[in-house]
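Below: one structure, written as structure tokens.
So that you can tell them apart, the chains are marked A, B, C, D and E in the order they are listed, and the count of residues begins at 1 in each.
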Amino acid sequence: MNSRLINWFKLSSPATFYPFAGRMVPWFSWIAIILLVIALYLSFFVAPTDYKQGEGYRIIFIHVPVAWMSMFIYVIMAGWAAVGLVYNTRLSAMMSEALAPTGAMFAFLSLWTGALWGKPMWGTWWVWDARLTSSLILLFLYIGFIALKSAIEDPRRADRAGAILLLVGVINIPIIYFSVRWWNTLHQGATIKMSGQTSMDETMLIAMLIMTFAVWAYTIAVVLLRVRTIILERERDTTWVRTLLQEGNRR
Amino acid sequence: MLDIFRTLLWRDITLAMRSRADLVANLFFFIIVVSLFPLGIGPEMATLRLIAPGVVWVAALLASMLALERIFAADYEDGTLEQMLLTPQPLALLILAKVAAHWLVTGVPLVLIAPVLGLQYNLSGEMLQVLIVTLLLGTPSLSLIGAIGAALTLGLRGGGVLNALLVMPLTIPVLIFGAGAVEATASGLGGIGHLYLLGAILLAALFFAPLAAAAALRISAE
Amino acid sequence: MLEVVNLECQRGDRCLFSELSFTLQRGELIHLHGHNGSGKTTLLRALCGLILPTSGEIRWQGSAIDSLREEFAANVTYIGHKGAIKGGLTALENLQIASRLDGFAITEEHAWRALERIGLRGFEDLPTRVLSQGQKRRVALARLLVNRAPLWVLDEPFVALDRAAVGLLQGVIADHVANAGMVMLTTHQEVSLTTGEVRQLQLGVGALGHA
Amino acid sequence: MLDIFRTLLWRDITLAMRSRADLVANLFFFIIVVSLFPLGIGPEMATLRLIAPGVVWVAALLASMLALERIFAADYEDGTLEQMLLTPQPLALLILAKVAAHWLVTGVPLVLIAPVLGLQYNLSGEMLQVLIVTLLLGTPSLSLIGAIGAALTLGLRGGGVLNALLVMPLTIPVLIFGAGAVEATASGLGGIGHLYLLGAILLAALFFAPLAAAAALRISAE
Amino acid sequence: MLEVVNLECQRGDRCLFSELSFTLQRGELIHLHGHNGSGKTTLLRALCGLILPTSGEIRWQGSAIDSLREEFAANVTYIGHKGAIKGGLTALENLQIASRLDGFAITEEHAWRALERIGLRGFEDLPTRVLSQGQKRRVALARLLVNRAPLWVLDEPFVALDRAAVGLLQGVIADHVANAGMVMLTTHQEVSLTTGEVRQLQLGVGALGHA
């Protein structure tokens, strides 16, 4: 085994991950704050007024990163779930548990900002088109995951059941992503494409990307913070947590 | 007498609270059913507003039934029901306590969330108000009537569905007046007459349903 | 006190017993015998009014139990094959609720002591769902420790209990009988029920023996 | 291998047949839900025809879910499930047998009765044909997907509703394509594309659902 | 044949047993002892692969059982607190289906004989739902009479049986052990398990006794 692999395996143990996460949190918090300030400045003061949609369009700088993030987090959770089922690592279930509330929040925000935007754009808060519906399903999947985990008492059982639900639900993500292509609906098609030209103003694009990274950093910071609490709670009977707490008390 | 009522009420509410997911889930079931229809029917607002009261009421009915179908099942399986039959108190009273607990944990949240769902369907403020009042008057009746069916079909395999079959027809008046009141308001006719009828049904159900369910339970438990 | 007159029970087209008559007085214990399927459970449930017998009558203090209903129910404690335990509640809550339903409230203090006595110390605060088979039975049987009903009807109370618990339960039953209680029970296990007056009742061989 | 499949299929069908009420009841549930809507919504034919495919499909979905929610519950409670886990055969196969039995006794009658209900809503012959085909392709998927949820929520209190919460989101695509195909036919667009998608979902579900449900069952039975 | 190495099981935050190691050879019977809640059921279920132990390994013919899965399942017969009986099916159907699921079909003839032997003559055609507690157990135990799996894991098999049935079952178990079978069982009742090599295993006192 080469040394890098060993290193990764060491990190996947809660005992080593806990202090590592603790060291990372301030870094990502600062990155999140700084990027957020830049992105907000760019999007509200620098980006030009849209000729068609007026000032209201600026909500896009929140809506789009948040919508992306809500899908991305689910995929990450499913990834952790797969790792957890295959390698039986304790940390992976804790990670997906820590990610879920943030994912649900972003899913909710994407619906909410979308709805806010829909009122001026489409004249209604809500339509039952494919993109919107599948986004709503995503929120339900998050809530279902949280509900399932809290309904099962035995934590190991809850972890594995939750992991299976995540893997089954991941099918919704491509549906959200491609919904605008598969059904012709009110919702905007992809403007930023993996290949080829984007049809967007350069500053707008940059502002949006920075906002995306800000949201990203925020997620990492919050999730690391949350996973630390979960680790402490789950591992409270292990010797390393006991010594840790005793040291904390002594100080 | 009141002591036993309170004990049982507290017990059932505690049990429901312990599995909090249960509570939330019933609510979400309601939300999901209401949200399914636009998917099946298509997104035209005019059609949707037309069917909104009906959809909300049908969903409320289904959510009640689904949660209700097993109201006695757990007690039957673990033997608590036998013990309830051997209680030195009228069985009807115990049943009333169970139904009350059931309504408090499943019916009330449903009534509270309904206006939000109504908004999705673009209902007016007045219609929303009437919708809430009809649900407040109607859902306890649903719970009471459902209890009779649940008692009748206790211990049968697939009792849940059979129960729905027996009880649904009895709940239809509630559904008609409930949805009717909202529609009457929408068309400017005023739904007050419907509301009185709903109230009358509730009173009748409060009196007769526990007695009928008690009789049914004694038979099913044998 | 409890009089059974010419009782007959049919299940399906099988007649389990007929012309069964006996009485149970204060300070007496009847041990009901019979092979599997001879109708012991059926008889016990009929005595409690949970099953309507095909014919015959069961009288409590001289009046038929179906005319007494709740009044009779206040005097009986039945513990059957099913424990009447709620898996979602703790042992403590289960016990308190069960005795409220039996018609008298007990203090938390009292319930704690009963649970401790029956060997559930340290398990009072777990949902009973996670308890072992024998521990669940103990929660059900703890009712007997706080109970004031004169007539106990116990259907195989010793099942799933370990030796210590069987011994304890025997003592509790003996005490009850000694305090002018009435007990009607069935068990396939060899347990010694010696205090007070013990009578044997045999089902399923057409015979009816007293000892 | 096939022997076990057949044994289990036969057992579940026999059990269902023994309690025939169960069978009939599921069907009646479907019929009643479909028939409730005209009551809740009012008798205008134009509106009704508009919403017919959606209503039939939502009713089919609810009926499937309701019947399915306890597909493993009985086996779990009486210990048969433990024995199934200890069978020298892949668990996924056993699950497939159970789901097949379930669909045969609940899904098929529903598909057969649907055209009659469609007539009530004044659907054209062509629409009725498409409706049947979509139901034939869609209801097995519903059963398969539902089995995953049932396995996940097995033994949990209030599992039924939690199950609905977990499963409904996953069944929404089936609903959309199912109702969509009928509507597309009605509007002259042709629903063939939707049908292919339904078929694809069915194939995927046939392959993945038993595996997922098997994994979930192993966890829940613990 | 069956090797248990350093097994540890936790439930909730209670460690039921740890560093438990033993082997079970052909022709041996292990009688598992322990008070209520000491973890007997948990251990037996873990041995069958129904519960994932917290740590340690269980090996069958040298390989870990979770890698064998169905292959291992073919060699085990587990009868637990729950009987795995379908109330809607008759005793005959129940037995036939159970043995098919165990991996081998038996003729109706064969099933009839087994049911007769276990004392259910005349009850073969009733839905098991209406049978008495002890009769239901007998239906479940009839599986042992038609079974060919080498390893039997029995969790309190004698519960609810009358004396005749207990005697019969003891004989069946002794025969199995004599025919180079392996049995692991637990019971709180006093039954004599004398044929073959009987070993005692004690849970719940930290000690591990062989006899």
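Note that in this section a residue touches a chain if its C-beta (ideal position, glycine included) is under 8 Å from a C-beta of that chain, and two chains touch if they have at least 3 such contacts.
From a predicted model like this one, the values you see are computed outputs, not experimental measurements.
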Centroid comparison with subunit A (C-alpha atoms), farthest chain: C
Comparison of B-C and A-D (more C-beta pairs in contact): B-C
Where subunit A and subunit E are represented by their mean Cα positions, the distance between them in whole Å: 48
Between subunit B and subunit E, centroid-to-centroid distance (C-alpha), Å: 45
Gap in Å, rounded to a whole number, between the CA centres of subunit C and subunit A: 58
CA centroid of subunit D to CA centroid of subunit E, Å: 37
Subunit A, residues touching no fewer than two other chains: 133, 140, 143, 147-148, 151, 154
Where subunit B touches two or more other chains at once, by residue number: 15, 18-19, 21-22, 25, 28, 32, 39, 42, 74, 77, 157
Set of subunit C residues in contact with two or more other chains: 81, 87-88, 127, 130
Partner subunit D, residues of subunit E touching it in the complex: 48-52, 70-71, 73-74, 76-78, 80-89, 93, 97-98, 100-103, 105, 127
Partner subunit C, residues of subunit B touching it in the complex: 3-4, 7-8, 11, 14-15, 18-19, 74, 77-80, 82-90, 221-222
Parts of subunit C lying in touch with subunit E, wherever the complex brings them together: 11-12, 34-41, 81, 119, 123, 126, 130-135, 137-138, 156, 159-166, 188-190
For the subunit D and subunit B complex, residues of the former touching the latter: 15-16, 18-19, 21-26, 28-29, 32-33, 36-37, 39-42, 47, 50-51, 53-55, 57-58, 61-62, 66-67, 70, 74, 77, 156-158, 160-162, 164-165, 168-169, 172, 175-176, 179, 183
Residue numbers on subunit A that touch subunit B, as the complex places them: 124-129, 133, 136, 140, 143, 147-148, 150-151
